[in-house]
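You will see chain A twice below: alongside chain B first, and alongside chain C after that.
What follows is the complex of A and B.
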């Protein structure tokens, strides 16, 4: 137990250095910061403006009011931002495999998954976080979601679960490169799918698709189910706190599957070059 | 002396999907995959003692890098086991790598964007090196490689020689007992090569670090390696010190004698391989007679004007070892 604690402290210590290095790297290329600061928030603000337009035309989307949609959309963008900060490496896993970049991690006395995910923390993900928080707070005000400690706690638990689901799926998709040995970049496709399925109510899609997104690829748990539970918009058969805890559970399960797939894959890793 | 590294009957094969010719072949490959198993290393056995400098050499594609990568925990052998400091690399990866340093000449472990010192700082935390030993190591490395003047330079602005120096220091920071250098001198200029060789010699003498290096540079081999392991086609071809291997592959020398006239004397313990005017070339086996004795004997028969001795060059020896006898 004491050893485990020491081990954990060591990982935290190294993580802090990784974060410091991530900041230093950003400062090396200041022009990139301005680009990201402009493009990322605009992308989501425009996305949300579209929802506003649709609701203004039709009154609601599938029974979701404007405020509820803002709440859903905001949370979806926040978990997206968190997954971009901590798990964006999953998008580039194929590249690491092809270029033999895992060599470096394997010769260092730390977990390979940890090093892979944290060796380049994507601080730029913060630029996604800002529009997410703005839209979410706006939604809270509109639907009257009170910022009580219990509610804040539930939101945090939900965001952890949602981030783990997203990150796990990135890592699972990326790990396919261990078998295919090709540097497919799934990032763009997965983000498209995630955007369309987490920022709008899942109930507006056909039932077969809903079934897949609930039980097979559990994207529904990233935002739709916990938000439905929290706001009571749709009858999903579970209580509000329960829906949040299930989200966390689903997140942990997806992450464990990702860890399993990754560790099976790394055994097939063949490095690169001479 | 104790064995630092034990290689026990390791083999490694790669699975390669065979691709047919043209579009037809490519489409066929989609339906029916033909997987070919290509052996990279087969049944390797050797031990390396503490404090040895071993040159691990062989032609391109011989399996050198594959073996180094298995020893440093990057690849797992298909069969057999590797012990470093008595620990199995496969099952105790984290413990083993805490005690080894790895430098690949063609690849860097330094952070490209940042000043060199930041990469060192990260490694200090990863390997849990306390500040005092860290500073001591940097001082030592400064004496050997002059690393301090490079610490504030971003790695992307470094020359290859400077970058390799940075990588060498990075691999030594945690005072490993074993250092693997995979083609460290590739592409380096003369003075960088000199610095690298000095580094290898000094850390081996001062710290007793066991060093395994692969190289195509014969100068590296001559100047550094107390022992050579030659592999070809994934199999061990030669193992011994340079002299032994030379004796084994080319156990003869050639004595060139210039006489005052064209009457060439003979000797029972050597054969004349060529004569040209008053110059004769005698080939003799080093075990049977020394050059001095041969010159003396020949000198008794005819007056000698000049002599020279030709030995097989290291180039030739290595080439013969690669190509198989």
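What follows is the complex of A and C.
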């Protein structure tokens, strides 16, 4: 018991060092942070503007009003940002495999999964958070979502669940590199698919696709179901608090599956070179 | 004498042909990547098609475009995105950050022509690996993308050729920024998102407000996707067509001149650093 506690303290210590390193990397590349501060907000503000234009043209998107869409979009971007900060490594897993980078992790006396995810906390992901929060707050005002402590609590739980789902899927996709030995990074495609399925109501897709995105690849839980529950837009058959807790549960399950796939994959890992 | 010059020219051309062949062989290395790319791009295309179908439910035509035209738009847009694939900016920024650019420039070939040959080779393989599979999948699940008319198709090919040039020049000019800026990733992202959202590749520019549409017609982005797509689905009249094609050609010229200008600057800079 005492040992376990000691080990936990050690992990916390290392994490603090990693976080410190992440902040130092901002100072190392000041031009990079300016670049990301420009690029990420542009992406999401322009993306949101196009939704506004489409809604102006078509009236609503599958029964969702403009304010409700802003709420959905904002939360989707925030969970995207959080997953970028903590789990972006999943996108680059292929490179780690090809370049033999896991040698470093495997020889150190710390968990491999832990090292892999935390050795580079992507502090630049914060630049994604800003547009997300702006659009989300805007959506809250439009739909009259009251910022009561209970509501804020639900939003936080939902974001944790959504971030875990995203992160888990990144790690599972990345782990395919253990079998394929390919360094192809599907990050861009993954993001585009996530954008299409989390920023718009899932109910606009055919039922077969909805089924897949609910039960098999549970992207629906990243934003659509919890937001439907919270705002009561669509009949999904579960209460608002319930939908949020299920999101968290789904997130934990996806993360566990990701951990399992990763640990199976790492057994197949061979170092680079001869 | 004349013969000699001609021979030299031939030899030069052969050099780039070799680069082209090499690159094709190189891009055939990873099979899994090919399947992965096809699957991912098809999912994205199908999702877009469903998106528009759901929006059009209850509307016959919006902005003079019906749902069937929108389906053609989605498939052809996915195909254009294959033709407009380029990584020349990353190619340049990598060789700058590794320091190999000086050696690249010392070689007795025009480095930009080498880049162009590599890019052309990349697109050639992608046509077989991605464009045709996407066309097939799109035809089966969404609908065969038939052009509005024979004339429209020929004009589309012409316009697409100019789109390719605009895209390549923008990329190469961007790549040259890496002589000045060390961290290129963010800038490349800015460019990518601007093109993605303002070129009509995902959401047609017709749906944008009038004022923004006007501004966009003076920027190069709409001449990458929107113009060829408009021509393909037959959403043009002689006035808008002439204006569009002239603007597109103008952008090709302007970007070419900018390319020449930055090329000179970049070369000077490498000389100074190298000495």
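Please note the rule applied: the second predicted complex is superposed on the first by the 268 of 274 C-alpha atoms of A that agree within 3 Å, B and C clash if a C-alpha of one lies under 4 Å from a C-alpha of the other, contacts with A are read in each partner's own complex, and residues count from 1 in each chain.
By definition in this document, contacts are C-beta pairs under 8 Å (C-beta built on N, C-alpha and C of every residue); 3 or more make two chains touch, one makes a residue touch a chain.
Keep in mind that what you see is a predicted model, and the values were worked out from it rather than measured.
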| item | value |
| --- | --- |
| Joint occupancy of chain A by chain B and chain C, clash or fit | fit |
| Which of chain B and chain C A:100 touches, first, second, both or neither | first |
| Partner chain in contact with A:205 - chain B first, chain C second, else both or neither | second |
| Partner chain in contact with A:5 - chain B first, chain C second, else both or neither | neither |
| Chain B versus chain C as contact partner of A:270, first or second or both or neither | first |
| Which of chain B and chain C A:31 touches, first, second, both or neither | second |
| Chain B or chain C, by number of chain A residues touched | C |
| Partner chain(s) touched by A:42 [first = chain B, second = chain C, both, neither] | second |
| First, second, both or neither for A:215, with chain B first and chain C second | neither |
| Minimum Cα separation, chain C to chain B, after superposition on A (Å) | 8 |
| On chain A, the residue positions that both chain B and chain C contact, one per complex | 29 |
| Complex interface listing, chain A residues touching chain B | 10, 13-14, 17-18, 21, 24-25, 28-29, 100, 102-104, 106-110, 267, 269-271, 273-274 |
| Residues of chain C defined as touching chain A within the complex | 30, 32-33, 36-37, 40-41, 43-44, 47-48, 50-51, 54-55, 59, 62-63, 181-183, 185-187, 189-190, 193-194, 197-198, 202-203, 207-209 |
| Complex contact set, residues of chain B against chain A | 14, 60-61, 65, 69, 72-76, 93-95, 97-98, 100, 102, 104, 106-107, 109, 111, 113-114, 118, 121-122, 125-128, 154, 183 |
| Residues of chain A that touch chain C when the two form their complex | 29, 31-32, 34-36, 38-40, 42-43, 46-47, 50, 53-54, 56-58, 61-62, 180, 182, 184, 186, 189-190, 192-193, 196-197, 200, 204-206, 209 |
